[in-house]
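The following pair of complexes shares a single chain, chain A, combined with chain B in the former and chain C in the latter.
Let's look at the complex of A and B:
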């Protein structure tokens, strides 16, 4: 296990290197003079020359890359719009994103795992049909449409919740009121996939021989379902939830846009519209790195919850 | 006449779909091409009706091939059939859009801003007096066209990479799969943001970025099944008698791993359409004034107080398209998966 962990951590270095090269390469595809793009059409020739100097724009690709990464790590790379170090800009927006994402994830787990278990135990019952139909709608409906419908119902018609925006920390009443709708909308899609996975893996396991054996020797039905079946179904469910956790850090761009939530996803999209090239680079790079690292942690975590996994 | 009726419905379907796509009238008003188009559609419908009736008379219980078996299973699945009918109706609505509504989706009418349902504007008008029903029909056309194109490209590229990796193995396999892993390590939406930031927006770029998004899933599944098929005796026999790799792949490998490709492709159309609608909603996909369902929703959100129809109509349409594709995909999966059971 220790060996495996060390090897995975070492493999992370080339992976991160390639990712940064690729993102840099994609952004280098921008047509036109990058100095003009950075400073705008009306910049003076001296200012353009200074920028070219700063980002080594006249040098070959690898020199530019090294310079860019150097600027990035020393905090020299500043957002054009915020006039601040891109790393700081991204990290500041991380708090609302995590509040939204983690609340949605908790909600999704709390609803979908019990729903999946009940659906699988009472197969073909009314509950099963209802929850499966809801889940099907959950994966088919666009997040922004659910959001708009909820805004119409609760903010425009009933006027009980604020339509959009961020109300401060989630531990205050105002913050919580702003959080309710976006968290529910985001969790709706998560719920759909987790419920389906829980149900299908439970259905597979409930047909196993050892379940029949457990029932035959008189183990209580609750025990059979929770201990014998559900414990073994945890693996696919954990994979699903793990994927969602990793994606969560990249921000739920659509939900954040519908509810004007000041998170990292919206920051990245707005950076494009503001032609804020350094911020686009910083956002995409930081979020991809977080995504990769969280994915790795989730992978390593499997080894702990499932001792059957043996790493050579 | 009898011979014509023996053409397989499947090929007729493909040919007519191609024909309809090639000569489908553009948004400009051109009555001659509309006339020809309508006539052809009518003829194709009549021929398929005739074939259907002919087949019903000669129906036998003998099943000729797996294709027919799968088709029968799909037809027996009620939800899959219903979703298929909805999809066919939607695609006809999309292709025939200029016939169905007299309004131009781009035409603004300053005398009829943000109206409700009326006999001249079936689903009302938006904030600039454009007919919502017409915009919706053209939106369906764009969404389904781009969605299906992107999935087809995605399937082709993913299958090719998976085939190469699985068939040649060793170094080729390692290089392809490692590269795909790096490609996959960046969350899709961020990749789309980076590409759009560098190259700007446009339909071609949208199709490009979406068709490169899901490569990993395709490549992995195809690689897996190719590696199993590669070990079979008939492949070894084909190699021994000196058939070239290319022909082995085309003749012996692809036909034996086609079903996971079909299942994955049909399951991912719905998701792809959702992604495209999402990008358009963000303003990164299809650009206004071209009507797109996602863009209409984002516009509708701004006028939520005044006109609910502006958001309800495109939203329900996206839901209907994606739901039908998902149900259809589930049907295809069930039909192909249970092939071995009975």
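Let's look at the complex of A and C:
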């Protein structure tokens, strides 16, 4: 297991290299001149040329790449807009994003797994129909639309929750009040798809022969469901949650923009608008690292929950 | 040991005196000339209740499935009884209702679509159909245990063999985890698994098919049940393993004095193990008798056909006999005898009226107009 983990971690290096080249390539293909952005529309040609020289914007592609990567790792890659090390800029915005993301994740898991299990056990009941219909909405409605609807309802009409912004740490009342809506909006899609996956895998598993064996042993019905069936359902659920965590970041970009949440998602969007190439590069690379690490964790989690998977 | 057999409350002494031999074979007595030959079946079970050895008695059990296409009578008025320590073999084609009857005993019929529509299941004199789910759970795995056809899929893939065996000990015997696990290891060695300590910690995918079925048997035997229902325990195994598993079940049956209901479609297995045999067709018992009756004086054309289609090494004929046709659509059973469309000896009455049981002795009966 330890060997496997180390091997997988080493494999991340070429993967991240590839990702960084891709990000860099796409950045370079995007129209717009960082020098113009930096100096403004009215800058003289000489000044622009000097800036391009300063940021090595005239060198060949690979030279620029190597320089950017080198600067990134030595902490010298500075955001054009913030004039600060990009890693530091991203990390500062990371706390609100993590608060938002983790709350959404917990909320989604806490709601969807029980809902999925109950739906499968009480199949075709009112509960089942209600949760499946809600899940259908959750999957179909885009994050930003749910966000706007909620803002209209709770902030504009009912005036119970703040419309947007960050209210400080989530462990304060004000912070929590600001967190409720964006966290719910962000978790809604994930909640919906996890409920559906939980329900359908549980329905499949409850038909299995070993469930009959468990019942024939005299196992209590709730134990049959939670111990015998759910333990097997964890596999597809973990896969789905893993994928959803990745989407959480994509969703965070939209949610943070709608709710003016000062997180990494909004930072990345703003960086793109400002043609702040180094910052875009830093944001996307750091999000990619989180993404591949989460995937690795899901893979390792398989080994724990499924005895048929043993990592050598 | 005096044993009461049959309808007329006649006491017959079994000459061998073996305690586990419930029924006296007709060859040993003059039962074949019994005047009660055409006794109507519905009186039969109640008259047997005075027998102390009776462990399980099913009376007129009906289990129906309400499907979208219509009502399927999975088990339609089945009655049989099992005595302590005895083996009852239930034979029949796929879909004849053997398993449905057995699953009904444990009330494991998935509902919906299945429902036990009528009858009684008397176990040690109590009607299981009147039991609450909680009371029923105390019977399952404890007093009545079941092993299933598919050892490959009948074990939970994410639990070790030991955990799965100890589960029922923890449930029914109140053992703690450690006691249960050491008991599970003993059970594994009892069912002939080498290196039981290691095997107890292994998962089903690490075990072979035969071993998994042994684990299933260990699970079933954990609480020393009085009745073991074995639903085609060897169908999914290869032939060499089949014999081993059957021998194991037989050995353990003797050791624990268990009664066994063996569901099978293998007449060879029946001949080897059964005391009593029930032949099922389309959810009904068509012939019932001791193993001797069934093999030496079969009465129902279906049973005769079944016996003729058994492969026999001494058989000089070139072709194996087959019963023509297929079992009828369970949604559209013939009005009369369900075997009538395939029957080589059919008569006019067969299409019109469902045959009642006709007796040839105290226990042996066949539902066929030929013997009216």
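In this section, the second predicted complex is superposed on the first by the 271 of 312 C-alpha atoms of A that agree within 3 Å, B and C clash if a C-alpha of one lies under 4 Å from a C-alpha of the other, contacts with A are read in each partner's own complex, and residues count from 1 in each chain.
We adopt the following convention: a residue touches a chain if its C-beta (ideal position, glycine included) is under 8 Å from a C-beta of that chain, and two chains touch if they have at least 3 such contacts.
Everything numeric here is computed off the predicted structure, so don't read it as measured data.
Participant: Chain A superposed: clash or fit between chain B and chain C?
Facilitator: Fit.
Participant: Tell me the angle subtended at the Cα centre of chain A by the Cα centres of chain B and chain C, rounded to the nearest 10 °.
Facilitator: 80
Participant: Which of the two, chain B or chain C, is in touch with more residues of chain A?
Facilitator: When the residues of chain A touched by each partner are counted, B comes out ahead.
Participant: Which partner does A:210 contact after superposing on A: first (chain B), second (chain C), both, neither?
Facilitator: In the superposed model, A:210 contacts chain C only, not chain B.
Participant: Which holds for A:306: it touches chain B only (first), chain C only (second), both, or neither?
Facilitator: The answer is second: A:306 touches chain C but not chain B.
Participant: Where does A:75 make contact in the superposed view: on chain B (first), on chain C (second), on both, or on neither?
Facilitator: Touch partners of A:75: none, neither chain B nor chain C.
Participant: Given the touch rule stated above, what does A:140 touch, chain B (first), chain C (second), both, or neither?
Facilitator: first
Participant: Which of the two partners, first being chain B and second being chain C, lies in contact with A:23: first, second, both, or neither?
Facilitator: Only chain B; A:23 stays clear of chain C.
Participant: Quick check: superposed on A, how many Å separate the nearest Cα atoms of chain B and chain C?
Facilitator: 14
Participant: Could you please specify the touching residues of chain B with respect to chain A in the complex?
Facilitator: Contacts found on chain B: 181-183, 185-187, 189-191, 193-199, 270, 274, 277-278, 281-284, 294, 297-298, 300-301, 304-305, 308, 311, 315, 318-319, 322-323, 326-327.
Participant: How about chain A: which of its residues touch chain C in the complex?
Facilitator: Result: residues 208-210, 212-221, 228, 231-232, 305-308 of chain A touch chain C.
Participant: Could you please specify the touching residues of chain A with respect to chain B in the complex?
Facilitator: 15, 18-19, 22-23, 26-31, 136-137, 139-145, 148-149, 151-152, 156, 247, 250, 253-254, 257-258, 265, 268-269, 271-273, 277, 280, 283-284, 287-288, 291-292, 295
Participant: What residues on chain C touch chain A, complex-wise?
Facilitator: 106, 108, 133, 137-142, 145-146, 148, 150, 153-160, 164, 167-168, 171-172, 203, 205, 216, 219
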